[in-house]
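Please go over the structures that come below.
You will see two complexes here that share subunit A, one where it goes with subunit B and one where it goes with subunit C.
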Partner chain A sequence: MIIEQEYPDLTQWPILTATAFYWVQTLLILIFLGLGIAIFREVLLRFLDTWTSGGIGSALIDLPISILSSLLNTLRNLAVSVIEVLALPLGIRRIWAIARLSIQEAVRRRVLYVLLLFLVPFLFAGWYLPTAEEAQLRVLVSFTNTVMGWLLLPMVLFVAAMSIPKDLETKTIQTIVTKPVRRLEFIVGRVIGFMFVFTFVIVIMGGVSLAFIYSQVTEKVLKDQWTARVPIYSAPPENGAYSFVFFKQGVPSAVGTNVGREWTYRSHIEGDTSDEARWFFHFDPKKFENADRVKVGVTFDIFKTTKGKPTLDTDDTSGVWASLDFIDRNNPENRIDEAFRVNNNRVTMIDIPASVLKSGDILVRARCLTRNQYLGMAKHDIYLQANEQPFEWNFAKGMVSLWLKVLFLTSVAVAASTVLNGFVTVIFTVGVYCMGIFHNFLVQVGSGQTLGGGPIESAIRLVSQMNQTVELDPGFFRTVAKTFDPYLIKIVGAVSAVVPDLSTIDTAEYVAGGFDIPTWLTLRNIILVVGYVIPVLIAGYLLFRNRETAA
Partner chain B sequence: MAGDVVVEARNLTKIYRDFWGRKKVDALRSLSLTVERGEIFGLLGPNGSGKTTTIKLLLGLLFPTSGDALVLGKNATDVAKNELIGYLPEESYLYKFLSAEETLDFYGRLFNISRAERKRRSAELIEQVGLSHARKRLVKEYSKGMARRIGLAQALINDPEVVFLDEPTSGLDPIGTREMKDLIIDLKAKGKTVVMCSHLLADVQDVCDRVAILHQGELKEYGRVSDLLKIQDLTEVRIRGLSESAKAEIERIIATDGATLESMGHPTTTLEDLFLRIVRESEAHPGRRYLPERKGGSSGTDGDRKTAASPSSN
Partner chain C sequence: MNRSRNRKIGYLLTIVVLFTLMIWVGRHLGNEQERLQIAQKSLGKVNPVSGTAQLVLGGFRGVAVTLLWNQVQEMQLKGQYFEIEPLVESITLLQPHFRRPWEFQAWNIAFNIAADWEAVKDKYYWVQRGIEFMKRATDTNRNSADLEWYVGYMYFTRFGQSDEKTYFRQLFRESDDLEFVQAENGVKDNFLKARDWFVRANDICIKANKPPQRMSPHPFMCRPALSRSFYADFLAQEGTFGTPTSEAWRQAYREWVDFGLLGGTDRRQDFIYRLEYTPSEREKLTEEQKFWRNRYQDVVRYDFWKIRCQTEADPELQKAREAIFKANDARKNGAYAKAITFYEEGLPLWRKIMEQNETYREDMLYKEDCQEMEDDYLRLLAHVGKPTPARRPFDGIVPPMRDSLYNMMQEEAKAYREQHPLDGQTPGEPPKAPSAPVDSGEPAKAPSSPQ
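This part shows the complex of A and B:
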């Protein structure tokens, strides 16, 4: 597995602050947008009314009064809303009543039959399964995740987006809001009820998926890959900024030799020279206290400049060789040198004695031993295996990501459905979800970094099939594009600030790769999504509060 | 406690608009009225006259275009008032997948009523509205009349102070109608305040203490049912055994003839007559409050006003 992005530890405050700031920012943007529109509409309507009944003069005189009263009204409303938000815990029993109703509804309307539908793909899946042992788990995990996603997401959308519009349409909402239940309690109760149902569905689907994966993999995969390794990656030494450095002819450098690969994740060192790469490890010495031997996972990339001998298991001189030096930084005498043949882009497990790691402060030096060949390496290409967790447990942790996506969809759908009708809510929610999944692209467009210009310019290029790097021909379309694109880009930028990056909560890669999903990652994901859901629900509440429930 | 105002509308105006904010219907124009504690107040008017709109405004289900709606001294949109009110909508909008018992249990939960109390009250109410035989059946299997009954039961689950009933007898058979009326009178006997609306005159005449008659969103008449039905400029005298010769000088003869004066007063019209007259009058002169053909009536004098703003309590 390859980690391109660095996640800081949860104990580091910046990420928490950043996430918290993110909620507040989202909340404020949504609230002010909504309130602004509401006030504008109210003032405009009153202005037009006064105009038609009393002429433009009286409408103009009335305008400041109308603006002022609208503002005051809004402020009073806001104050009440704040109180209701803070008083939410007091309504726990009413919230539960609504949640219970939602569960009853799902059960009695036989929504859960979707579970039967879920079993269908598994009947035929066996036909298409790969036999290559390396690919099995990856394909199976991604297959089950895809099936779960494709069944769950439409179900979630349907159930969550249609509920409040249906309450409004059948007017059942009128008997609810004339009871002491607060609108926020109603929204939260709905979301909680749905999440009970969806959690149940996820647990069943996850269980079936796991059993299915188990039944499909071969003995060897069960033995080697049916696990969740807990890795320790390199970390900067106490006085240094880098956890990973290259040395070219004895000079430290952030990158190694560029061999012209497009993907610059790894940098290369040349074989049979003094070039080397160094990793620093810094961990709690107690980690390996009781261990005798420790496994080290190494994944390097081979870049060949000569044909060389093909890798033959029978011939030790074939292939590309590397050496790793493990050195105790507190006691350089305590070291060990391992040479091994590199598995191109695949993990090689090396077994070293635990004694060399006992100080918790280790330097690892890597060199390429084979002349004329290059080895590509990056920060996460070496890890010490601290522990192993059961695959099943890791799979369950992986389900948390799916659960979080479902929570996200449910909340957005419920909040949006307080003002949109069911169909529009579905479209809206799918839109937000896609923007979350392709958040990177959104950010690129929003910061004007995409090749081929802004949205209009790109559309012109698309229609006219024009090369992305050639300037547009001068003319009407170009003028339109150049005039409006900057604004559109700004809008996209604003939207990208409001939609969370959902692509980062995916953890299937960990499960499939046999790596334990770090607790901090799960926590971070929870904070990200829950932190988003709270303002969304509050925004939904404000919208709901300010609409009439009888049409 | 007479004189204790529990529901109040002040210049309540409602304009329905479409999505773009264009005016669709002027449903209610500057309605002002008060309902006092312990009375049964009727909103009367033909279909589309704004009765339901008024009730929804009083419940906070709709927001007024201008004016204020107050219930128990609180703004209609204040949730806190809901603890003490009950509402039976025009049609019973209930969750079809619940049974009668579950329905009442659910609404009881919204009032934080304890489990034991919920059980007791729902059993009692189901009994009271005559649904004991169907208490386990799903609401979706109910006939309109049965749904109406369970709708009423849900409105009373919290033993409310003020009950709003929108067309309470619609969909009920004659016996059901009678039972509903008895129930409403019963509520009054328990000191509850009832605000109901109906287009059925008999309902209103039988149970209401006071009524407001609406037509095309305007208040046309407002007062005690007994007062409204009095024909002020007529005096009805019923005399038994009056001699033929005395007929010409009736007033003197009553005093001197020794006949028994059986009753003497203003004859009453039926509400139906009044109603039809108001509608005819209103259609002939839209925007004007009803001017009855009577003298000295206190409530008919402000007919020239564009809107019926000030109610005159009789």
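This part shows the complex of A and C:
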């Protein structure tokens, strides 16, 4: 399968430490941001107060005192908060009580009706889903994922964002804050309660989706594709740094020949020359101990410089051919050659005897055998199939991604709703979510890599329909754009450092392609999202603390 | 109390009046829609999903389509072809009555995506997907001659004119998907299937008495006849001769004549200019009418096709073609003696036909065919060590085949220089452009143009 961005294996401890460090960093950014705003607000209010009562002079004299006192006040608050955060586990019973309340509230607000709504798209789904067997599973999985996403997100937004503002409005909050429940416990309880409901909804939706997919696919698909293959990809050898290397005229190189493909995922080797690509496999030899034959999946791209004859199954002289050499690195005598006709855009499965893999330290050499033609390959284009997992289990693992997105949204919405009113919270949360989805773009804007300048300049170009590559005309607007854009870009950069990259937690591609979702990937996603949820909740709590609930 | 009641009655009356007006206005609008053929149901099949999607998105339809379109482009770059299909489908669900997206994406699937697959079977699959996509366009947009024509065009070019045509046509004949491959006359052939769609497109034009939008009417409307001709031609190319092929050519001839009889001679009134006249009618034509008639026949080579259909239907020519086909086949399989016999049977027949037909003698394609046959034959004789005949088979009809285009041009240039010595030019200067008439595309000899 195509893996464009690789993530480090999180089961290795240094990475875990780095991730933990990242959390702390995010937490600190959020806290400083929140406290800074709080102090600024307090000082400003006091300054205006003294100005109106005693004139500008006394206000100015009072300013340093005011700053100092508010700083001290904040520090005291912070100290209390730290204690409260640390003491959170002690309040488990109170949190649970709040959670139960939230569940009841959500159910009373007829959240579960969304399940009925969920069935509607399936009524029409069969009409326009493809019939090609190769495509069925892919399209069905992405279809059900999209439907679930589109229905869940609005529901989550409205339930989570409206709840606290409504409590404040109807003053029911007063019956809670007067109880011996800490405010952090209140927020955490809310999130946990909502998540119970949403988890229930996701489980039901996932079950229905799975049943739907099962009912739609043909028997052949059930036989061939209803599985989750566990692949072993290449890995650097013990004393090496690279797992995948090209050789051009005998010289190692990180990339092969560039044939001019716009998508640079794969690099090419020329046919009938000494060009080759090498993969190193390093795995536990016990994996294939009991196997007789092992399946190897290969996906290469074909780039032709001459058209040649049409490729027919019946004609062995047609098409582009590749050879794969499997060599035991500990015993080079133990090797096997496989030549096959390449079929692009899909996986070719090759059967090799397991004996060649018994050392667990393998070199695979690929060459293109057909003159004048090129073969494109990337690191993940060859895998050894270790074993297979049930599709259903993989589908459930895929649901974890959706669950994590919901958790993220719920936390952001609950935290934001402690200070914002309901509707503004919805907009805010949607904004954060979109920034998470288009995180790449945000990073590009924040680092000034986008064509057409910063936000103001882009806005001018949008309105005046001006090309991105043309310099702005000198004048008032240009001055405004050039003056303020650098600051706005910095702000965008700061925001991009705080918002998580949600586009990378999608695992539907694995499920659809019939590949087992690696444990480390799930772990990474959990760490990524939970690592944001915790600081967000703490920030929400700090904001909530400062809020006057009785007013 | 009274005032409030009066006000309520007032409201009620206003409501009743407005509703009555609404019903009337609505009915009027409905009638207008019907009259102008722009109501959903008169445009084509109504899809509830499409309708719902359009309603839900409202003004954001264009934005959604743009996003989807971008996504399609990106997926295509990465070769995620199977995922593209549902996306393309969504685009056309959102804007079912835009002609361009349908055509663009159908072409994209049948040409670009198909070309990016390696095996012939895979290519065939994507061509079929593209054509089926285009067929859905005609379902949703009834009475669009351009769309119907395009389906035919895809059947015609994609299966009949691509590099893989031999295999495509074989797969086409072997297919069990009768709805896709079987033409109305029950034959599984892409040209006949294309013809069915071209006929439908023509019928729409004729019924509406309007020319198509895609291109000028002659190349558009000659397609059924052209498809028939290609069908007959491919029968011969694939080794069927005699009565079936002759009959196919005769049918093609009839179809060309039908096409020639379409329209009239008033360039402002009739949407297509008539090409076929009886000799007596022809005499009555004015110079200007004759000029335009000749000009339009040139566009589709009407006269050539008519003569070709007539000649190819000739049993003698069928015999000649069969002999040459067998000769080529035997030569390629190494049965040289047999091949020579077939050549010696076929070449004189060919010569006779060329002698009888002036149009053929002047046609580049036939000239080239003759040169090729002759060359194959002569080289075969040389190869097996037999003496070359004293007279070339096509001596006096076509010049012998030159070994390359470059040499041919050199020779022609030499001949030209010999005929036109450097009169008044300094040596080294390029010779003057040939004085032979060059077709500049302008109606140079045209009498006053009516437009």
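The rule we apply is simple: the second predicted complex is superposed on the first by the 545 of 551 C-alpha atoms of A that agree within 3 Å, B and C clash if a C-alpha of one lies under 4 Å from a C-alpha of the other, contacts with A are read in each partner's own complex, and residues count from 1 in each chain.
The working rule: a residue touches a chain if its C-beta (ideal position, glycine included) is under 8 Å from a C-beta of that chain, and two chains touch if they have at least 3 such contacts.
Everything quoted here is computed from the prediction, not taken from an experiment.
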item: Partner chain in contact with A:60 - subunit B first, subunit C second, else both or neither; value: neither
item: Contacts of A:345 with subunit B and subunit C, given as first, second, both or neither; value: second
item: Which of subunit B and subunit C A:75 touches, first, second, both or neither; value: neither
item: Which of subunit B and subunit C A:138 touches, first, second, both or neither; value: second
item: Contacts of A:320 with subunit B and subunit C, given as first, second, both or neither; value: second
item: Touched partner set for A:45, first subunit B, second subunit C, both or neither; value: first
item: Partner chain(s) touched by A:265 [first = subunit B, second = subunit C, both, neither]; value: second
item: Doubly contacted subunit A residues - partners subunit C and subunit B; value: none
item: Contact footprint of subunit A on subunit B as seen in their complex; value: 17, 21, 23, 56, 59-63, 79-80, 82-83, 85, 87, 89, 91, 93-95, 97-98, 102, 106-107, 109-112, 151, 154, 158
item: Contact set on subunit A toward subunit C in their complex; value: 2, 124, 127-130, 132, 134-135, 138-139, 142-143, 262-263, 265, 301-302, 307, 310-313, 319-320, 342-345
item: Subunit C to subunit A touching residues, read off their complex; value: 48-49, 77-79, 81-83, 85-86, 89, 93, 116-122, 125, 129, 163-164, 167
item: Subunit B contact footprint on subunit A (complex, rising order); value: 41, 44-45, 48-49, 93-94, 96-97, 100-101, 104-105, 108-109, 170-182, 548-550
